[in-house]
Amino acid sequence: MEVHPLLQVQELTKDFGGLRALDRISFTLNQGESLGIIGPNGSGKTTLVNVITGFLRPTGGRVRFRGRTISGMGPHRIARLGLGRTFQMARPFYHLPAYKNLVIPLFSPRVRRLAGGRYGDRDAVAIDLLEEVGFERDSFVPFKPASVLPHGYLKRLELARALAIRPELLILDELFSGLSMAEVSSTVPIIEHLQAQGITLIMIEHRLRELFRIVDRVIVLNFGRKIAEGTPAEVMESEDVKKAYLGSE
Amino acid sequence: MLYLLGPRALPLILLGMGIFLAPPYWKKVLVNTAIFGILALSWDLLVCTGLVSLGQALFFGVGAYIAGTLNHYWGWPWWVTLPTATVAGGLLCAGILAPVLRLRGIYFAMVTLVLPLMLVRIIEATKILGGTEGLSGLQTFPSSWVELVLSLAAFFAVLFGFRRLMGTDYGLVLQGIRDNDRSVLSSGINIHWFKAQALFIAGATGAFAGAFMTHTYMFVGMPVFALDYSILPIAAAVVGGMGTLAGPAVGAFILIPLSEVLRALGALRIVIYGLFLVVFIVALPEGLFPYLSRKYHQFERWVEVE
Amino acid sequence: MFLGTLVYGIVNSVILALVALGFNLTFGISGIANFAYGALYVLTGYGVWILLNEVGLPLFLAAPAMVVLTAMAGALLYRVVLIRLRGMAISEVIATFGVGLAVLEFFRYLGFIGFEYTLPPLLDGSLSIGPVFLDLQRALIVIVGVTLTGVLWLFTHHTRLGLAFRGIAQDEHTAMCLGIHSDRVAMFSLAFGGGLCALAAVVILPIGTISVDAGYDVLLEALAVCIVGGLGSAVGVIVASFILGLAQTYTAMYMGSHWMMIVTLVAILLILTIRPSGLFGKQKELEERI
């Protein structure tokens, strides 16, 4: 039996009208790896995530997850296979308490299947999940409505929401954006803990210093093209990358 | 205890008194109110799921015509046609709207606005189901008591049932689709399937209202798809408070009796509904129910808190 | 026979385009779906009628006066109601729908029903195109329709206000940063939509009677054309009105006039099911479907 890499992205292309947002992007990702995707604003990072997770239909190329072609599937079917993602803009269900926010993803058919056909006590699972991402268990915080939580907690709530479906591959779209230094450094161990559990990661990030501590490999996008791939150190040596970040000439 | 129970029990008590004290004419009005209340609740359930319908008359009319047809052509009694129309109406409405479930916002609203109008014209053009004449001489309820009790019971069952439903995890998912459908999708939940279920529930509820009205008036015809049945639920919900379920119920109990009082004004009634819509949506967008309940909760508690 | 139907089909298409232009302009600029549109149309009709028959103004004064007044009614609708509801699409729809309903039913209440409510044609007489006779009023409709489309194109591409309109249509926030007063432009968009609607009413209504129900039909027709063509797309409106106009005329010809509206409504449903952004709408595609 052939062993497939967890995720294969092959020649992925996406056009918006006349604009080519992604231009024949290819990469593979093995089980347990962590990949960073960086690039200047507008280079196509979020589009790439949206295409992989099924929110956008690719113009060309395909995405395979465990050898199975997932491009063209609806986002909910892709999520059920074990692909979780966070959104750049955390938009929680504001009027619900934080833990009730997680009850909705815990309603996912995937959760029931993994638990052997039963849902179990969703409220209890939700509170456990919140503790995992750094909500203080014995405080009122998990029971507060999401509308009063500070931004740092909302980002972590978003992370917990993605974790609720117990993903095999987790895509984090700018999880650190808008967080203070202290919040970032308290979030990094949470992510490292996820890596230790064997969850494969894709991180889109502008905070390169923190990113490079976490990921093994980096892809650099610019104008929809992949301009470099390698370990963090290799990538930062590349002339193309310097040009992309510092401007040409 | 009284603090919590008061607002819930009060309308029940008043209504109970109403049932016994009201003159026959107002009993009829009460039935009407309950039926429109049910229709308004069915509208509000869709709002909770993020679907705004401008054509609740579709649900109402489908139910009315199913009940009317079954009774007229096959002579089925009312206690068979009511449940049949409810279930079949729900299925039919969900089926009709299934292809447009991807639509949101005003696009969905436009489809629902168009559908009842189209059905009317099709009935008019093809002369099926009685054509412009409608089907008359249908079976009515054995007594006005049965009618009144059944309609009020159905109304409260729908009201409290929907309120309860929205508190469950299933209801949270429906509301989640309204607030942030991308987030729900990325959890592996098929939002179209959930929306279809919501449509079925709302469609069945609306169809029940229509079927009930058919048997009350012993008639079904093209007016069941009329604009009144689309506007009144919206007006009731806007007045009472959209998306709260209790709001539309309150709104229906204000608007329908009011419209009976204004019956003498004829066509001016619809003008008044229109103005109600505008005034409330501009001046009190949250609606009466949330407003009043907010004020109520600002009172000191009536009970000692230990 | 066939040629005659074609000519009348083209006239019908131009009527649809005229009716839809104003609705489309308002939506295209400010994103407001003005469901009071049909009411504005009927308002113009009855307004002109009242000015002619009760006040005694001549037609060449009454018609322009009502166009201006209707445009002001549109602006007023924005200033009083819509400005408080900006950004809440559903509330906008419900509010404009409520206003339209109130206006239309008020006319019904006042008893404006019957065949005496007609407007005199602006032009009398007829001309012949080969074997087909066409009255001058219908010819005028075509001329007005074509001219108006041309003028609108020039306006939106070559005047400051027109360019501001297009700016707002593309990105409200960016336009605001560039010093375009978004509320004022939105108000203008409603006034313009209302004015166009009134203009359409003044030229179209003489070929029939003014009725309250026409208000609902006009709203539906405007919606149909805009949805089929793609909301906010000018090319779409023209193409869609020809598709619908010809389809309507031929169905009326071969199946009876009952089916005319059904064709329109079916077209709305089909387009929304298959391609919600319409034939020519592109930008909204992402937002409206997942």
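Which chain is which? They are A, B and C, in the order written, and residues in each are numbered from 1.
One rule holds for everything that comes next: contacts are C-beta pairs under 8 Å (C-beta built on N, C-alpha and C of every residue); 3 or more make two chains touch, one makes a residue touch a chain.
Just so it is clear, the structure is predicted and the values come from calculations on it, not from any experiment.
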Practice item. Could you tell me between which two chains the number of C-beta pairs in contact is largest? Key: B-C
**Study point:** Centre-most chain [mean C-alpha coordinates]
**Key:** B
Revision key, fill the gap. The distance between the C-alpha centres of subunit B and subunit C, rounded to whole Å, is 32
Check your understanding: Where the centres are mean C-alpha positions, what is the separation of subunit A from subunit B, in Å?
Key -> 42
Point to revise | Length of the line joining the C-alpha centres of subunit A and subunit C, rounded to whole Å | key: 47
Check your understanding: Which residues belonging to subunit A are in contact with no fewer than two other chains?
Key -> 55, 75
**Study point:** For subunit B, residues that touch 2 or more chains besides their own
**Key:** 182, 185, 191
Exercise for review: Would you give the residues of subunit C that are in contact with at least 2 other chains, written as numbers and ranges?
Suggested key: 290
Revision key, fill the gap. Subunit A contacts subunit B in the complex at 53, 55, 74-77, 79-80, 84-85, 87, 91-94, 96, 100, 103-110, 122, 161-162, 164-165
Revision key, fill the gap. Per the touch rule, the subunit C residues reaching subunit B in their complex are 33, 81, 84-85, 89-91, 93-95, 97-103, 105-106, 108-109, 216, 220, 223, 227, 256, 258-259, 261-262, 265-266, 268-269, 272-273, 276, 288-290
Review point. For subunit B, which residues count as touching subunit A in their complex?
Key: 169-170, 172-173, 175-176, 179-180, 182-191
Point to revise | Residues of subunit B that touch subunit C when the two form their complex | key: 52, 54, 99-100, 102-107, 109-111, 113-115, 117-118, 121-122, 124-125, 181-182, 185, 191, 227, 231, 234-235, 238, 265-268, 270-278, 281-282, 285
